[in-house]
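Each of the next two complexes has subunit A plus one more chain, namely subunit B in the first and subunit C in the second.
Up next, the complex of A and B:
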């Protein structure tokens, strides 16, 4: 495994996450795509830690994991509000601000 | 010989990561998507281990799969799919054009930057160095992240209040 293959793997992972976010319309799948994008970024940090022989990249990955968890808990509750009170599960139906 | 085996495992798990992530674009049910995401994260943990950070591989399994994905699965189980919301085929031209432009740009950047194609010598970065960096140099960042966790806890408690059952009235006066 060399550096270019590892970097392109993380790049592909990010692109797949971006595709999921852009193509899918359900809330849950959009959140899953965001998780994939976070993982692509984390993989880049791990590769950097290995390349420069430095644990600081791993620290960055750890922070990415924690912040992804924080983001997911809050956004899942907002999605739950959309399900229960607005009775929608599709992002195109969020038109409350539309006049 | 050993290096070839590690390489084979690395490419296999990378393929599983990419395949399970691509499957998320096509699956219909949310639970299937959650299972595909769990497979992708597990294979990514193997990649983390092979790239020389064993602590992060373990934390990937514990934090992502043990905490976040279990949250996902429970969320899907307690929220049944809404049959009223129909899935219409979205308009895909603009996202695809944007993605294509992005792919072309990054491919050009990757080719122009001339990353070295020699194999990286993998050395294991031990968890001790990670802990020293975390609680020495990044002390303030750890405090900031912990206060972020506290803020998220308060936000979740506030947002979850409408789903709580109504409180029964205090019965202090009646028990006299």
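Up next, the complex of A and C:
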């Protein structure tokens, strides 16, 4: 398989995620965008593993998925509490520390 | 003896320190007595130096340093250091004698004179500090200590002129004295710096040797000389900068006697004498000094003619007499300048102290037209004051002033433009006789024109006056003209100061006769004019031009002080308000406000914006890393 096409795909995924994070204001969409970015990054690791015939990349991807799951739990918890206590679901309204 | 030199300026300093620290614990009278005792210690030590010195034979070595004591190293920078050391040579010995002895007599007089005045301790503190300043000034081995003494004197002069500071005019007079003499202080400071830049030394004997070696370029020498002249003019109240001295009479009369007659105002003369090797090489500057001196002698005598304030007459007479000293310095007759300085210190201290008593007797009345008739009530004071006035008038053959002033007038004739200098000096001498006797007659003769409260003088006040009156008569006989009597002072000083050029033969006799005539005519005119003035209420005291001292004070007020005020307000409006407030301050604050607004906008708390920053930062970092890994080769 052509390496550059694969890397372009992962880069494409990463930038889709980044665009979502940057453009959308809702917490949930941002979390989704971050997940997409994670996947893009993980895909790079897999591509690298395939390319160099090294299982380390696959292992790294598994770790990333686990960490992303754990991180997502925490983030979702924060988002839920934001919504419950502050009645906020939009990230731009989250500036209570600003004077 | 040598190890006790430090005590001469040290004792008054100890006294001043004690009074300022512990004075409030003891009574003011004890403070006063202690202050006088401290100056007595100095005076006794100085006199014992004389005794020891006159016992020795080898006093003819040129520029001999008689005593030298290095106390400690004051400051050291690298291998250059300033030692606090005291030196006594013949010139400074004479000045020390005048300062400590006359200073002691004035302290003694002040104990009773200043009794129960408000601020008595303050008075004696400053008086002691002043004696310290004067003695360290004349005993200084290097220019730094000399400058210290000079400034201490200026400070004490200011504080004592404004002694009765509750009256705003008196405080103003103190400020005026301080600010005007400040011009000279600045000039002296610059002169010291220029001297150090050229000679790489601040030690006075070394500077004198270097000047004699003639290796310094004449332009620097002229600059130093000019600055020293400005310093001396301001301190000694000579012609353009004399304006502070008549106003300095607002202090107690004893202060006028000590600071503004006997000692501090002669510091400028001493400074010029100290630097006489310099002026010996600069005849143009010498001529300027001589001209300033003669002009001042003439001008101040004419101004004193029509003063009605007793103390202002004495103030202008001081200016005039110091003018003669300047003239002597200018024509190279340094010895006679010192001689006249001694004589002047004696009779002017006498006159000022007596004037204090007179003013008290007339209940703080200063106007001599309202006095009169004091002769019957206070005969002792009358004869004392008569001696002082006649010495001021330089009555021939009897008084000391004749022996000191007439050689100066004669010496001026030997200089370039000698005729004009001598003419000015002789006219000054004539007017001196006139105003001094006018002052005496108006106070003591005739009938009282206002109420007299006879002031009982204690023995402590009579004694100093008697000693000074005695000296005013007798001290002249140590140096008589034409060798018909003892000649002690000038030959003794010749090893340090050289012999003055005096005219010979017929010219000498003529000038001397003219001097005698000037003095006698002046006294005679006074005896003729003063009763007339009192009778018609119209006379010398009404000549506005002379009464206002040629309007120089008013002119300097109008053309120097007022424009300076305008300059200041212009600076305030233009530089401070426009430049600082509007341009500099607003631009700086504007920049800062804009800067911190833009920075604070970046910290808006908007997470999306932070995300953008993170992204751009990451991209920038990546780009940088890529650029370093794969450099672009053009």
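Heads up, the rule we're going with is that the second predicted complex is superposed on the first by the 98 of 99 C-alpha atoms of A that agree within 3 Å, B and C clash if a C-alpha of one lies under 4 Å from a C-alpha of the other, contacts with A are read in each partner's own complex, and residues count from 1 in each chain.
Everything below uses one rule, namely that contacts are C-beta pairs under 8 Å (C-beta built on N, C-alpha and C of every residue); 3 or more make two chains touch, one makes a residue touch a chain.
Quick caveat, the model's predicted, so the values are computed rather than measured.
Using the contact criterion defined above for the overlaid structures, shared-chain residue A:65 touches subunit B, although it does not reach subunit C.
By the touch criterion defined above, A:94 lies against subunit C but remains apart from subunit B after alignment on the C-alpha atoms of chain A. When the two complexes are overlaid, the chain among subunit B and subunit C that reaches more residues of subunit A is B. In the superposition on chain A, A:2 makes contact with subunit B only, not with subunit C. Once the two complexes are overlaid on the shared chain, A:46 sits against subunit B while remaining clear of subunit C. In the superposed model, A:33 makes contact with subunit B only, not with subunit C. Judged by the touch definition given at the top, the superposed model places A:22 against both subunit B and subunit C. Subunit A residues 18, 22, 25, 92 lie at the interface with subunit B in one structure and with subunit C in the other.
Touching subunit B in their complex are the following residues of subunit A: 1-4, 6-9, 11-13, 15-20, 22-26, 28-29, 31-33, 35-36, 39, 43, 46-47, 49-51, 53-56, 58-59, 61-63, 65-70, 72-74, 76-81, 83-85, 87-90, 92-93.
Listed in rising order, the residues of subunit A touching subunit C in the complex are 18, 21-22, 25, 91-92, 94-98.
Partner subunit A is touched in their complex by these residues of subunit B: 7, 10-11, 14, 17-18, 21-22, 24-25, 30, 33-34, 37, 40-41, 44, 47-48, 50-53, 55-56, 59-60, 63-64, 67-68, 71-72, 75-76, 79, 81-82, 84-85, 87-88, 90, 92, 95, 98-99, 102-103, 106, 110, 115-120, 122-123, 125, 129-130, 132-134, 137-138, 141, 145, 148-149, 152, 155-156, 159-160, 162-163.
Every residue of subunit C that touches subunit A in the complex is listed here, in rising order: 603-608, 611-612, 615.
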